[in-house]
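So, here's a batch of structures to check.
Same chain, two partners: chain A is paired with chain B first, then with chain C.
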Partner chain A sequence: MTLTASAPTSAPAPTRPRRTWVGALIGACLVALVGVSLFVGVSDVSPLSLLTGGPDSSAAYLLVASRIPRTLAAILVGASLGIAGLIMQMLVRNRFVEPGTTGVSEFATLGMLVTIVFWPGMAVVGKMGVAAVFGLVGTWVFLRVVRAVPVRQLVLVPLVGIMLGGVVGAVTTFFAYRLDLLQSLGQWAQGSFATVMQGRYEMLWVAGVMVVVAWFAADRFSVIGMGEEFATNLGLDYRRVVAVGMVIVAVITAAVLVTAGMIPFLGLVVPNVVSLIIGDNVRRSIPWVAGLGAVFVVGCDIVARVVRFPYEIPLSVIVGIVGALLFLWLLLRRRSRAH
Partner chain B sequence: MLTETAPAPSARVVALWRRPSARLSLLVAAVLALIATYLFTDVPGSLAFALKVRGLSVLAMVVVATAVGVSTVIFHTLTQNRILTPSIMGFDAFYVLISTIVVFFFGSASFLRMDALTLWAVQLVVMVAFSVVLFTWMFGGKRRSIHLMLLVGIVLGTFFRSFTEWMQRMLDPLDFQVLSDAMFASLTRPDETLLLLTAILVAAACAAVVPLLRTLDVLTLGEPAAVGLGVNHRRVVMALFGIVSVMVAASTALVGPILFFGLIVANLAYSYAGTFRHAWTLPTAALLGVVCLLGGQLVLEQIFAFGGSLSMVIEFAGGLFFLFLVLRKGAR
Partner chain C sequence: MHITRPIATLSLVAASALVLAGCSSAGEEAAEAADAPTASEAETVEFSWDRNIAGEDEEPELEKTTVEVPKNPEKIVAFEMSTVDTIGALGGEVAGAPLDSVPDYLQDALADDAFNAGTLFEADLIEIEAQQPDLIVIGGRSSGLYEDLSEIAPTIDLGIAGTYTETLERNVTFLGEVLGAEDEAASALEDLEAGIDEAKAVTAEAGTGLGVMVSGGELSALAPSEQGGGSANVRGGLLYDVFGVEPVVEDIASATHGEPVSFEFLLEKNPDTLWVVDRDVATGEAEAGAAAEVLDNDIVKQTAAAQNDRIVYLDPVAWYIVYGGIETTQLLIDDVMQIAS
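Presenting the complex of A and B:
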């Protein structure tokens, strides 16, 4: 992985092996975890109870109404947040950014607050739309502020983003506090799949569509990652590709926020780990990032459900612990070059 | 400030204004005036009762301002920078984590059975020991970039907070109640015993700093120069980190985390004091802290009729100020 500030995307490295077996391993992990996720929970749902109970049993109902939606939601969240982080990293040309370290999540949360205050009865699609617009504004503000960072310092960029998020978060908290909405906002913002059931996760398919869009545009993002001049020389409409990337990131952030809440560090850690394994070619790494993100979230969700059985711990807590440790490792790994 | 309003400031006033002692006296006068205003404005009922209640919150603010201001300035000197603070480094999150771990493993029963003083002492000793280890790890070895340390600190803070939340979710409700009562006292309605303990502790920590004032000035020159001038660098730095830990732990336990407060106060103090000598910057930081807390509270209560949201205002203003500092630092 090239961790230099100027070029996170080195040319597709021919020396890297294809590592198909690692990809197969991720796929196998995902299948195994999905199996566990479907059959772990307070009520008894096991393959045996499904067989003996027949298609109309309570076990089958539970599977369709709760377990399958929840597992699908976890997969979609993991895959799309990983992609959002990957694209953000290409746009800013910095390894250490993701929606959570750039203030985009906080802007989207502010959008949520606005809908709660002004249009409390709004449908979830509308809430998501408003949150996405705010997320878009947040991405734009962040890109502007980063442009003001004169020297391309590697760790300064996420630092500025986190502080930007802090300032916006303070505004949100202030109004939520004044309007007595702190608690309901807290429930929205805390990352968890506890309330995900049939009819309450479908918004995430929008995030799934964004993953597909990202896949189609993958090569363009690779080129964007090499810088504006380089991209323009190759005949690419730089601004348009950046705009597409911003929309993808904002919509994914908003969709995840509306259904599952804020999930820290995911978009940061997953693309970095993938880059360590197979390098920086976006077209090749997109399925890896999506797969690994899904494995990560499904796994953390299982831990969140099991560790204090029969109660649940919010997913964001587990992801926060694991993700923070991984991020620290990424930061301090190359201490000699970090300055 | 004062001289600007005069059309032609006489040379004498300017000369007086250059002296740190004059600036500090002016600040002391401002603080006294603020305290008097706070105590005596709009007394609804019995004066004695109001004075007692308000006196306690003034004391809380003075204690917190002193602890945060003094510890941040010392921390800046030790780490040789002006944008890190113990809070931003995830320090108070760490304190909450330690208290949670104590309750988690020993239960609130032991928490309650021990008298407040013992518990206080145990927590502080654990806290100071751990933080000295943490600081040695982060600042003891090879010199790393300030921005990297800052990012590491912020991520560590997130880690501590997530871990704390996890443990708190595992606690039974009674234990949790005891813990949150112990963790979140308010700035305007502090717990009396806890406040007095904190005040004594912060006063003791300040007294411990006094003989080290000149050593601190020498430390400003950097480690090689300080060692050359005969400072036992390692020992002094560890002692000072210990003092910083005590102050931060004490103020966090009293009013909870105030992330950006120390940053604002310390940087204001450097420009207001007009000198980097700690004999002047430390009291200036503490007094400016009182001005910010008390003045901010007065403005919020009297003009906007809000209560209790001062920390959010500080967070907002402090965040913007921090961005400004970081971006300007990046420019250089």
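Presenting the complex of A and C:
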């Protein structure tokens, strides 16, 4: 996945400077953070212990069974959530949407609650499937509602999404409360990689596949981002591309939710930061978004492991704090430019 | 304020009516008792505790509260599961309780026509008023209900007072007195103390231990209660504080739900015994065995606990939900004794 961080070579005429060095910087950061992530943890796994212990040592075992899966999970979650945010922003033509501000995450959570209540013993694949279907319904409902909103104001769209999410979240909370599942739901939706190990994160590869799909369809999403009429005039099947985008967003949201939990702000902040640097061409920005998202989550996960060592802090707390600060900065920055 | 609030007035009237009714019936019974040559004991037992009169989220402000409790009450409403437990174990029965929260192993303590008194947190005041109980027991989650419930019937708080064993002793002794089963209460306490001592002897030989709670696939390490007392003596604390399990890590903060940890943490700290509370089973979310599934992996298999076959699954309801009570304490003892062999 580190490859995705380097700047692409086959980009159309750039609207802004190519800034390849920033791409290289993201790549370098990712490599460095992955190195740190592999060697930070409760047990002693260091390059030295690996060399002295040989391939059968417990350090080598833990590297394979625990550290590499955890690091991979963080990379996959960061990259795919960033992409989900980017696609969502293209679909709605609004910079302030992501699965978390459009009700998609809340719908997927409701789906998860449904599986807990009706099929508690269901395999993770099944849970993810149900959550994805709910997420898909959520995306569809959101797009319908947004279309019905007459004025497409910048802030109004995410506001509608947050309200929609609030309503669905309230329904989920109500049922969880009646069924005495409130605490479990909180525990389970809390984003964390603490128990990620071999055999417990593989579902995230599905999200990784969605990133690849998004990459293949990147140019189409760029066109979609210019509006339905424009896209149709260019001979694009608007509905089909929107459908593909919805599926990508829903599946990524569900896969991340089932394996790691809710991770706020990431899909919002990362594409915006990338857009500030290199503009809105989706084909160009996809590797940047994926790379920056991965850097963001791997970095936050290291902090989550280190701050209360040897205990952990839920990842969502760290991401929430950093993400909220970045989000505020983006908002204020935009306003000062508008005046 | 000169405006008289109608509800306050009504409840005052109701309360005084109740008090009067109580007095008159007590008086009659006292007269009857005086006629009978054998009965010479008092008709009420006094119970005092420090009641928190500040609001739920305020700094606690304690006020000593004393309530006269009728002996051999006919209808008892209990919001506290350990009270349901002890009353049942002493041969009594509970007329009303939050039925949804009564664990399976305590169903026998309920009267056949037991009514639902609400939830662990909220009382169904109308139903309770209609049932006219003689005694209401609250505690812990329901402590805040005192004001409302004490207007209906004598209400006492049998919540946590000191350590687990102190709470158990006070509550069992008191309920024994109320139910006229002092001897049963004393012998039950004696048995439990002997059982706890026996379990302690077993854990003293068993090396280090770590309590973990499994919920939603996540692990948290449970803590001994803080040094020098403190009210956090719950859940995992019972393992270390009551049963003398030697904690493998000393400094876990005494959060009621423990500290999130990774599988690597288990392997690195490597306790000789792993004591598991399956929270999802306690709250009725998962079938038994959900925690076992989470712990069934290669990293855990390498821990000393797994290799000694010392991963003990504790009765989640007894350890997580009910605090105190005769039958519950016996279950805790049985769980700990599993490692004796």
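Descriptive notes on the structure:
As a convention for this text, the second predicted complex is superposed on the first by the 320 of 339 C-alpha atoms of A that agree within 3 Å, B and C clash if a C-alpha of one lies under 4 Å from a C-alpha of the other, contacts with A are read in each partner's own complex, and residues count from 1 in each chain.
The working rule: a contact is a pair of C-beta atoms (placed from the backbone, for glycine too) under 8 Å apart; a residue touches a chain by one contact, two chains touch by 3 or more.
Since the model is a prediction, treat every value here as computed from it, not as a measurement.
With the two structures aligned on chain A, chain B clashes with chain C. Once the two complexes are overlaid on the shared chain, A:Val167 sits against chain B while remaining clear of chain C. Applying the stated contact rule after C-alpha superposition, one finds that A:Tyr177 touches chain B and leaves chain C untouched.
Look at A:Ala148: by the touch rule set out above, it reaches chain B but stays clear of chain C.
Applying the stated contact rule after C-alpha superposition, one finds that A:Gly320 touches chain B and leaves chain C untouched. Applying the stated contact rule after C-alpha superposition, one finds that A:Ser57 touches neither chain B nor chain C.
In the superposition on chain A, contact of A:Arg308 is made with both chain B and chain C. Partner contacting the larger number of chain A residues, of chain B and chain C: B. Clashing C-alpha atoms with chain C appear in just one stretch of chain B from the list 20-28, 38-46 or 200-208: 38-46.
Residues common to the contacts of chain A with chain B and with chain C across the two structures: 308, 311, 313-314. Within the complex formed with chain C, the residues of chain A that make contact are 41-43, 58, 61-62, 65-66, 116, 120-121, 180-181, 183-184, 187-188, 190, 192, 194-195, 197-200, 305, 308, 310-314.
Touching chain B in their complex are the following residues of chain A: 96, 145, 148-151, 153, 155-156, 158-160, 162-164, 166-167, 170-171, 173-174, 177-178, 264-265, 308, 311, 313-314, 316-318, 320-321, 324-325, 327-328, 331-332, 335, 338-339. Residues of chain C touching chain A in their complex: 215-219, 221, 249, 252, 259-265, 267-269, 279-280, 283-287, 290, 294, 297-299, 302.
By the touch criterion given at the top, residues 142, 144-145, 147-148, 150-152, 154-156, 158-159, 161-163, 165-166, 169-170, 259, 306, 309, 312-313, 315-316, 319-320, 322-323, 326-327, 330-331 of chain B touch chain A in their complex.
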